[in-house]
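As structure tokens, here come the structures.
Both complexes shown next keep chain A, but they swap its partner, so chain B is in the first and chain C is in the second.
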Partner chain A sequence: MSDAKLLKDIIVAIATLIDEGTFEITPEAINLREMDPSRVAMVDFQWSKSLFDEYNCSQPTKICINITEMLKLLKRAGKGDSVELTLDEERRRLNIKLRGKYVRTFSMPILEAAVEEVPTPKITFNVKAKITTDGIKEAIEDAALVSDHVSIEANEEELIMRAEGDIMGATIEMRKGEGALLDLEVKEPSKATFSLSYLSDIIKAASATSEISTIEFSTDMPIKIDFPIREGKLTYFLAPRIEA
Partner chain B sequence: MRDVPKRDVKQVVYLLLGRPFPRWDERTLDVSWAIVSSVIKKLARVDDHTLIEALNKTGDLGAAAEEIFRERKLKKQASLIDKELTISDVARSLESIAELVGEGARERKERVLESILGQADPDEIKYLVKILLGEMRTGFNEGLMELAISRAFGVDTEVVRRASMLSGDLGEVAENAKLHGSESLRKMKFRFFRPIRPMLAQNAESLSEILETHGGRTALEFKLDGMRVQIHKLDDKVRIFSRRLTDVTSSFPEVESTVKKGLQAREAVLEGEVIAVGEDGSPLPFQYLMRRFRRIREADATLRAIPVKLFLFDLLLVDGEILIDSPYIERRERLSEIHGEIPVVEQIITEDVEHAKSFFEKAIEQGHEGIIAKNLNSTYTPGVRGKNWLKLKEVLEPLDLVIVAAEYGHGRRHKWLSDYYLAARDGEEDRFYVVGKTFKGLTDEEMSELTETLEKLAVRREGRRVHVKPEVVVEVLYNEIQRSPKYECGLALRFARISRIRYDKDPRESDTIQRVREIYEKQFEKKSRYRVEDRF
Partner chain C sequence: MLIRKVKKKRINRVLNPWIRDLIDDYKVAGDLGVSSNLSVRLGKEVCVVCKGSRLLCGKTRCPLLLRVSYYLKTMPMIRERDLSGSSPPGVFIGRIGYPYVYAGPLVPPINEDTTVFDLPEFWFGKTIDEIVGFRSMLVRGMHRVNVRKPERADKILDLTRDLALSSLCVDVELKFKDRPKKRIVLSDDVQPFGPSALINHMNIDSSKWDRRIEKAYYDGDLKASEAVLYLYDQGVLVSRIQRAFSVGAFGIEKQRRLVPTRWSITAVDSIISNDLIDKIKGYPEINEFRVYESTYLDNRFVVLMVPGKWSYESMEAWYPGTIWNPYSGFTVMLSDWEGYHGRTEYAKIGGCYYSARLAVAEKLAEERRQATVIVLREARPGYIMPVGVWQVRENVRNAMRQRPMKFDSLEEALAWIRGRLHIPLEKWIENSDLLRSLIYQRRITQYLKGLKT
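Coming up: the complex of A and B.
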């Protein structure tokens, strides 16, 4: 693909939850769906072949990669570098070729893949909100100043985030159609609480991939955070904290 | 064990005993405290400070992890998918951890640990961490496990014991008992290269007590100050196991070849003592033997510098015949038929206290630790510390030493200052020299009382360690005084234990470092000295 930055941003977004991950490569697309080790959050990623300038895959295959290491290599890419990924099946290695002022080829080992399949959580969402990524990022940063968790609630008109710390508190209100909150669909008023440490890591890491994000949630259910990306998807699920 | 699925019973037995694998299995996890603690921090999303706080409160990493995860659960962090962690998940993970070696192994181990601990409940985490670090410390041991198997599956305790002893694998015993019952246990055979737990000796106070206990007639053997070993020989293969049943063959290549060449039997399980010897052939202090266990790279040089010698004293199996149920006198007789050129430990059989006394004195004279008395008619009872074997050692005079610092303990002892730095006063200058550290000898009550006293004397704190004013005098027993680079004075007490607290004694009346040196020097009137470097 012609822009290595695109790949780097995606790997940043994945690396925030996992150190090691299995990509499933089919003739049509690249997929990755993994949970973080403590099974609190999940990342679900797909890029279809149409995104790539060139895409060759004759039969489906799975490759397990050390994501942290891969990110280190991709960070070496200069502005405007193109990137080419090839799998050397014989030597069980992934080659990453960066083309810019000169050509660099890194190679890294393919790891033994974990056998576990990660299912997608089946949840009925009662709230769907479209927010600017900057807007939600700011809001989460505000909440993180005072507490380690935040409750998110919605009614027909607005989305409210509340953070209660030991000493300080914060309330963030977003009205439908004004500023950051682009759209809000509410089937039923809902409220759920989430760990800010996960939430801010996810949003920070994924913010470079899309200017808009969609959140979906229901009372005391996992939240789904979707970043619409070109020719694919980048979706996170985060389990709630259940307040007694 | 009754309720778990058949396929899990073996693993359940190992895990309850705090081991990832059966005892004879040489695989190790090689998981450090640092790896486990970093995984805990990462999974729970806590910092060093929180972990250290939990550690100070609980005393060990397993309990600290439990505490941290319980706290986290209180905050009710839900998971996306709830999947119960199974015994086979744990078993598979432990196996893959053991398989990981070489470059990148640490990172891969971390991933596996994250994955199992990430699925575990707080109390599961507690015990998994303890097993990973080999610090189970529940007090549950193989003897109790044998009883448990016997009760769970209605098999006679003796049958379980014997099957366990011969096979060396309680997991297999439990599995057989569950699947096939008592008869299958009787059929379990001895397995070479799986060490048998050693029979142990009780302490005796006097030779007359020994003679009386053994019915007026007993066998006395020199008690050598070396390392007790169990040697398995099957045709051309020889393996040497330590008292703690680990394979130490590579540390003693010449013992291996001596047995290979010298023993006049095709198959044998032997017991003996390996000692370090000086140039004149007389025994060297124990610490020189331990040099063998330093870095492997040095093994060759060490080998040349400190020769060792094997002395045999028991025979548990010879050419297909198991002798553990035969009386001592017969086993010793059979040993004398096959030992060939390999020396056996000097022994007498006597009914006479005077005769016994001169034998004991001869042992001490030759630089040995003392004697072991063995009941002539006794069978070999693995793992049992009974009265059939009694030991009598030369007693070194106790020292009155001063506590200068103490550390908070671990596990059950985490509330107490239970590990004490013992110091001897300088008779010339006004200062103290640490000569040893011990957590042995005191009762819970004494420890708790001493903690209060020492806390009042505290002058400085470093983590778990508290430095105190030198006020409390304790009477200390020990087995030997060694040279040691560990302490400034260059000497250290071996196996120090506190016999009583001398609140009545003034620290100014305690023993001096000069006195400690004198006792150290005196040891060499009998023992060979290792070159000039030992002289002060």
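Coming up: the complex of A and C.
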């Protein structure tokens, strides 16, 4: 792959939820779908082989990797470095070769892969909103000033986020077609509440991958946050908080 | 560095002469057995009105009189400007003026086996009178040193270190610059110990070091945190590790520092529990809801363990009239918590956060299980004065030794807890991040099964 930064950004986005992850590598694509340790959030990632300059995979395989460690290595990549990942089946190691002004090869162990396969939640979403990533990031930061959770609601015209803390409150309104809110489709008005620590971690970590993001939700159901990336997908699911 | 400045709640101290008046009163002075003049610094106006008789502060006994009475028992045993006695061993490193602090030995004016005086692991179950009784016999020798140069200091510091690493009582002789001051500082955040005085000469009998601590001391390439973990693994008592840690006995040779006693306690609790938590994260989750409980010195601890990944919250409620909440009319609740990945800031509730964390982590590591843990503490009016965070560590350790109540659901566990605490459950939930998250936060897994339409 010609740009190590692209890989680093994706690993940053994944590492925010999980320490270890299992990549499924098929002749067509790389997939990863994992829940965070407390099973509140899920990341679903895919990169098709067309993204890579060179992609060889003769038979499907699964490799479990310590994502946190991998991120440490990738952070060493300089601007414009290219990266090459190879799997050493015999030694059960993943080699990461960074090619810049000189060539560095790191190797890291492959861990025992988990057998269980997680499906993604099947939910009928009643609201779909397209927002600039910067816009949603700012809004979440605003809400995080006053509380640890935020309710998101939508009607035909606008998307409203409300945060209610012990002493302070915040309301953030985004009108359709104005500024940050690029598009809004509402089948029926909906409202759900989410933990801000998860939301802000996810959005902060994924913000480097895409300039726009799509959120989908329904009343008291998980929210789906989608970051359109080149030749693949990066999607998060976050379970709601339901009070009383 | 793990060592951070410990922020403690503290009330303003104003000079209040009433207790001197009290002691000057010949009747009271007779009761207390005092004849000499004594100056006292202490807390707020309410004491002036109460004068130890009406318990206006809401405590069940006057902490001031308790301390004064023991103090007055100790004073006559100290003659003139020298003292010889058998140190537990014990040392105290102050924090005022950091990095130039007062360090020195704790020596009682008696020559018998005093080992237990500085080993909180053996204090659990003792009454507050007993603890204050033997603690106030410990005279604190003070010697000003720069914490950055523990190895290049003078003889007094060398001897203090020698003493701190000893595994048995050591006979110590001290010569003071002046007679130990007849002054009681009634600050609420210092654990009780006796009078203190500057020392200008110190001598100790030969000490016998703990073999394991000695090994860590002479290893100049072993990091301080690694030394702590090594010793803990070897079964050395936490309070002994902490004592050696405070005199700068561990660490890379050139980086050794003296660590004020107060900070060293938390540093050691934190280093050990962090290591245990790393292990715990690899273990399977518990599969029932458990409630543990222990009460000591009118501090009730209720510990809730929930199946789930490691996370931890420590909450405390201070009744009106208890140490940290003397003057308000309502109960104050404080909470601090960490998620799976731990925390990066010092917990605002202080050292007890880390002491309780050590106690619960020990239990889970021993069982090779993982859980979400919530520690609830009610400090009730009978807890008249602080005795140190060891109380939290040993109290929670005691809770962990009990057979827990086991439940199948969070609701049942909470219903049980409701009956074990004075403060309504709703108050706890309102103030607890983890409890609210457990009750209100849904899991993704709930949307995977049965909902596939």
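Heads up, the rule we're going with is that the second predicted complex is superposed on the first by the 244 of 244 C-alpha atoms of A that agree within 3 Å, B and C clash if a C-alpha of one lies under 4 Å from a C-alpha of the other, contacts with A are read in each partner's own complex, and residues count from 1 in each chain.
Methods note: a residue touches a chain if its C-beta (ideal position, glycine included) is under 8 Å from a C-beta of that chain, and two chains touch if they have at least 3 such contacts.
In this text the structure is predicted, and so the values were computed from the model without any measurement.
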- Query: Once chain A from each complex is brought into register, does chain C clash with chain B or fit beside it?
  - Reply: clash
- Report for A:Met42: first if it touches chain B alone, second if chain C alone, otherwise both or neither. both
- Task: Answer with first, second, both or neither: which of chain B and chain C does A:Gly80 touch in the superposed model?
- Result: neither
- Query: After lining up the shared chain so the two structures overlap, which partner does A:Asn66 touch, if you call chain B first and chain C second: first, second, both or neither?
  - Reply: first
- Message: If we overlay the two complexes on their shared chain A, which of chain B and chain C does A:Gly177 touch? Say first, second, both or neither.
- Response: neither
- Task: Mind working out whether A:Glu20 is in touch with chain B, chain C, both or neither, as first, second, both or neither?
- Result: first
- Message: Tell me the contact category for A:Pro121 with respect to chain B and chain C: first, second, both or neither.
- Response: both
- Stretch in clash, chain B with chain C, out of 240-248, 384-392, 456-464 or 474-482: 456-464
- So which bits of chain A does chain B touch that chain C touches too? 35, 37-42, 118-119, 121, 195, 197, 222, 237-243
- Message: Quick check: in the complex, which residue numbers of chain C touch chain A?
- Response: 308-309, 311, 339-340, 433, 437, 440-448, 451-453
- In the complex, chain A residues that touch chain C: 35, 37-42, 118-119, 121-124, 148, 195, 197, 221-222, 237-243
- Task: Report the residues of chain A in contact with chain B in the complex, numbered from low to high.
- Result: 19-20, 35-42, 66, 111, 114, 118-119, 121, 149, 195, 197-198, 222, 237-244
- Query: Which residues of chain B touch chain A in the complex?
  - Reply: 42-45, 75-81, 83, 107-108, 110-111, 114-115, 117-119
